[in-house]
Amino acid sequence: MLATDTLLSFFKETRKHSEALCAPLETEDYVVQPIEDVSPPKWHLGHTTWFFEEFILKKFAEGYTEFDPDFSFVFNSYYESMGKRVVRANRGNLSRPSVKKIYEYREHVTRAISELFEADSTPEELHGLMEIGIHHEKQHQELLLTDIKYILGNNPLLPAYATFPMEYERESHEQDWIGMDEGIYEIGHKGDEFCYDNELGAHKVYLNAYEISNKLVTNGEFLEFIAAGGYKEFSHWHAEGWDWVNTKQVQCLQYWHQVDGRWHYYTMEGLKPVDPEAPLTHISYYEAFAFAQWKGCRLPTEFEWEASQEYFPWGKRWEWTESAYLPYPGYEKAEGALGEYNGKFMVSQKVLRGSSVATPEKHSRPTYRNFFHPPLRWQYTGLRLAR
Amino acid sequence: MLATDTLLSFFKETRKHSEALCAPLETEDYVVQPIEDVSPPKWHLGHTTWFFEEFILKKFAEGYTEFDPDFSFVFNSYYESMGKRVVRANRGNLSRPSVKKIYEYREHVTRAISELFEADSTPEELHGLMEIGIHHEKQHQELLLTDIKYILGNNPLLPAYATFPMEYERESHEQDWIGMDEGIYEIGHKGDEFCYDNELGAHKVYLNAYEISNKLVTNGEFLEFIAAGGYKEFSHWHAEGWDWVNTKQVQCLQYWHQVDGRWHYYTMEGLKPVDPEAPLTHISYYEAFAFAQWKGCRLPTEFEWEASQEYFPWGKRWEWTESAYLPYPGYEKAEGALGEYNGKFMVSQKVLRGSSVATPEKHSRPTYRNFFHPPLRWQYTGLRLAR
Amino acid sequence: MLATDTLLSFFKETRKHSEALCAPLETEDYVVQPIEDVSPPKWHLGHTTWFFEEFILKKFAEGYTEFDPDFSFVFNSYYESMGKRVVRANRGNLSRPSVKKIYEYREHVTRAISELFEADSTPEELHGLMEIGIHHEKQHQELLLTDIKYILGNNPLLPAYATFPMEYERESHEQDWIGMDEGIYEIGHKGDEFCYDNELGAHKVYLNAYEISNKLVTNGEFLEFIAAGGYKEFSHWHAEGWDWVNTKQVQCLQYWHQVDGRWHYYTMEGLKPVDPEAPLTHISYYEAFAFAQWKGCRLPTEFEWEASQEYFPWGKRWEWTESAYLPYPGYEKAEGALGEYNGKFMVSQKVLRGSSVATPEKHSRPTYRNFFHPPLRWQYTGLRLAR
Amino acid sequence: MLATDTLLSFFKETRKHSEALCAPLETEDYVVQPIEDVSPPKWHLGHTTWFFEEFILKKFAEGYTEFDPDFSFVFNSYYESMGKRVVRANRGNLSRPSVKKIYEYREHVTRAISELFEADSTPEELHGLMEIGIHHEKQHQELLLTDIKYILGNNPLLPAYATFPMEYERESHEQDWIGMDEGIYEIGHKGDEFCYDNELGAHKVYLNAYEISNKLVTNGEFLEFIAAGGYKEFSHWHAEGWDWVNTKQVQCLQYWHQVDGRWHYYTMEGLKPVDPEAPLTHISYYEAFAFAQWKGCRLPTEFEWEASQEYFPWGKRWEWTESAYLPYPGYEKAEGALGEYNGKFMVSQKVLRGSSVATPEKHSRPTYRNFFHPPLRWQYTGLRLAR
């Protein structure tokens, strides 16, 4: 268990960091929601605050005054057990509460939490909730960045956000295959450090021998796939992926544009020519699968990934796996509203492993299981081959 | 033809008035688009400016420097002949250009137009375009107000806009029927003053004898319709209206809410109890028709309305008529982009006559033909019975 | 009022004719519903029978035994007042009752009606209902033919229905313009013969001088419109029509196909080369309007059509007019279920005048008002220009 | 490899059996397609025939005359590599080819195949294709039955199909738990007998200790779930399942109806009271999962099912598992069109194990992997608990 003062600094840093991420924005950028998957930055700022108010302050802080009773309705995300809420697709229709008001809300809650933890003693249960609240905010920091990228990157003016060189950093080593033996491997989280419930239930899996690449697939390799007609040949694709390509008229990765006959992509620093040496990103599972098929390879399972992750560098891209998002043996969801965190999404989604350039510090580990629907591309997703 | 200096003051007043209408807004309120029919206030401010830049400055102002070449794409509304444009439903997804930048754009264009007209002489064609541009901006002022009402009135916090008493002003006179004789009446605009092309082609129509009410239908009368089960009895409704009621689960006028068992409505001043004496508003054509059926009356045609309008007060509500929006005899649309103004909407819409509390000064006249699709309710629409 | 025996023969002929129209069908052709607007032939046969059973036999035939109580649910079309019914779009999902059973139903009802009218005396009200029932069945005979055409003409095998030469008959006279004077004209049905309630309320209209063509627009003229890029130039189209063209990717009239670089069309006799001299058909209102715009002409109003109809031949095509489908002065819908016949459709539709090659005998007259939504094309629609 | 004459009798029996399944139908029942997942019986009869014609006769039978060149377009299901095809949702819009014509087609192809195999010698490759063709037809026999049930069971007349007692047969033994040890198990198909490519790649999996029920969940247990408000409590459901329940207003299993306050279900023999002792069927994965949650249990994985299947009776219901449909280690899809059989569906689907009352003889085995999307219910699906 983290010491109270360590926990409190961790909390304060995290709160500050969310605001620092928004510093380059205009007020208007906080408001819009171009697609349902993307939330307005001001919503992220309010929702992460609501989480602390709802699950900690209202229950444990004696004499706490709720900032505004309407906010519970506005900033609940999906917790059915916490009452009614604004329909997700409507978040971008709300001009109020204003950005200024939300910063006041943040300050109000940050102060109240600090006071609560600066007081003499706090029950152990509170420490657990604080950790969840902090990691919850960190998860939203990642979404904040990718949602900001979507908001700016789909604006016809293509405005830059800020300097962000790690987005397009290359992996300098040569591609090679790491060979892994057939046998039993241990999977899942062990130890006392924080993790989500979906990582628990450490268990054995039996893996056939396999090889996994020590390097992410690059833009250059994907350009070859495009040039070879990869988007036009159904045999590389799942039936569902082929429908997606045709219905959406997909012809390149997200944020890619042809300018004067040459491929460019929108980055946080604005439009740039595609760098063939850099790892590709903003790829859907469908495209990752089709690329691997075309290459005569496949995606690793999440177990293969975890079993070999110590032998290759990772952390630049969330990496699609072949695994569906399912419970580990013995998985049990938590009681009450926090039980809605993970378990209810365990159908029709794919697991991603690793972490990305948008992932905040102390928020990645080898057992972390991220999950998204197959067509989604607005995260910093990437691709590592296996065979 | 208006004298140049009169025209110029008219222009400057109009430009100022648009900005005055936005004075009570927070920056965030300028940005959102909760439904496709509602445009973000900042879009209205930019689009009306683009109109002057595109149709006047670019063509007539020698040496004029375009404010930003991308704005043509962002602020074109529907003019197919003026090139590509942001899809209407995406207007609320654009955080940039910022509100501040749009105010700079307005100033840039207002100044350039002023300089153009303060110069020695201007061709007559320019005067006509200026008049259209000014009336175009006035039309958007009306939309600005009703779009602002929608944005705030659909926010769960129901924030007030400003003091706006004329919205709920009563008509103090007793209801009575004005009898009109059978015969030939002259319809359409005559004279030199400004009008839109859809009002031209003054012509004769033959009307049967009819009676028209001297008073708008009130909230109290509509409460009786609700109490009598009007929304539940299909025989009052068009088949299409009945579908609309059932699909959208409509049970009251727009902006009406039950609070503690009593009907309230959102007004520009916030939530208030419904005043039974005030003229109803925010009614669809479907509801207006059903109400009239239930009452054993009908809606007037636009010709009946125009032929008798001098005998009753009007100007508080846009009044639905039974007439479909069709061209007058001899109607010809203007050459070029301005020809897209009216003619291409002459199918599947209903005519509304009069004007509303949102209509700016000098923007209403007895021959003015407004038009909307039958289900729309976000304008200050109302209802006058005939029989 | 028709004499009882005349009425009865009229009834029997009409019943037989419906069945004769279906004689060329395979059993399978009776069942399918490729689009919501098209009903399965067996549904038409059942529904027209249900109409007599429901409105006449159940009310007036003492001791009448209902054929099958479930049929009321299956064969009600849209009469809200007659209880629940199969949703229109589901008609083609019903394999039962079988075709054989429906023919038994027809026989059962035809016999019972005959017996009722062969009995001593029948109240006058019954005569009116019989006339409506017969004309109702005649209306469905027209739909039977056009629905059969749709069913076969959208089958990839393009099977022929039967010999049907009048479908492609030419108008042999030269095109000319009929000049009509400005003035007052009388519109609407007068006299004792059968008509629908929407034709009643004979009244005066004032028309400006106009000219109307003595000839329908031909396929050859429409080929010129296509060749001139008519489907690609938005300025000819209503905004709503332009959306329709682009969303549906419309490039020719319905049933037209390019075969080896030459235009063909599906007819009731199978696929044939388009005859440039024959009147065009299967055109939407949107296309009719765009063609007229391109030609520098316009569509007549329904009043212009009716006022001049005696000076030109008609009856091959339902002719689109510019008029919206609205009630005539003094229009009142009938009491009860029959009141649902016409009035509730008087919004968002266009009037067509004349009649077509699919119209049964004794079912057309100069005052008849047909009505369809602007995009519909599966009727034998056509186009006569005015100016 | 099967001896040629054994193979040929197997083929002939299979062909006959498909036709026997259709014997109770009226011609009309062959035609309709009430939802996209259900195909018209005549389509199944044609498509299974096309498979033999396309993959065997056209390639191996010298001098074979194609029955009708248009049928390739009409009866291709989803083989992108075999050219254009009728869109799945349009199968029910095709009245032609007639049922009679399709039976002629069947006879033509059955005879040609028989002649081909009665000739002196046939290459080994042909044997493999024949086996696939026969098993393909068997798969469609299962669909034939469930599609017929859907067609009749969604008709308002609820007509019976035929006597079919095994549909509602009880499992007479007491429910008990079978305990399985932790350890390594071998999964997948071995040996020479026919199987699909998705069963190949026999491999080891490591399983934790688990218990699996020796009995399917019954209607009576599901009635308790309903009575306990199972459809109204979100905490039992996946988020996606909860949306499905609310959007579709699901309140009971498919084919269940309340009649006079008591639950009935449509069976192949018509409407019957629900038997609480019989195994439930027509359940979606969402409902199966929610039921298991409510019960404090879970669904088995497909590996758990396969590892323990010899200890319990199965074969009445396709049983939902928790496993997503994914490739086994080393999975490679076949070359050419047959490679489209399985692999391209390996995303977003759940595995079902066992077989059902609709499964034809010789078409089930312990390693068989069926797969469907989570909301589908028209198969004879069921549920076995694990913990």
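Observations on the structure shown:
Letters A, B, C and D name the chains as they come in the text, with residue numbers starting at 1 for each one.
Throughout what follows, a contact is a pair of C-beta atoms (placed from the backbone, for glycine too) under 8 Å apart; a residue touches a chain by one contact, two chains touch by 3 or more.
Note that the coordinates shown come from a computational prediction; the quantities given were computed from them, not determined experimentally.
Any chain touching chain C that also touches chain D would appear here, but none does.
The fewest steps needed to get from chain B to chain D, moving only between touching chains, is 2. Averaging C-alpha coordinates per chain and comparing to chain B, the farthest chain turns out to be D. Averaged C-alpha coordinates put the centre of chain A at 45 Å from the centre of chain B. Work out the mean CA point of chain A and of chain C, and you get 58 Å between them.
Separating the centre of chain A from that of chain D, both taken as means of CA atoms, is a distance of 37 Å.
Contacts between chains, counted with the stated touch criterion, involve the pairs A-B, A-D, B-C, C-D. Chain B meets chain A in the complex at residues 26-34, 42, 70, 73-74, 86, 90, 92-99, 151-152, 154-157, 159. Within the complex formed with chain C, the residues of chain B that make contact are 78, 80-81, 184, 203-206, 208, 210, 234-235, 237-242, 285-286, 289, 298, 322-324, 326-327, 329-330, 339-340, 344-348, 350, 374.
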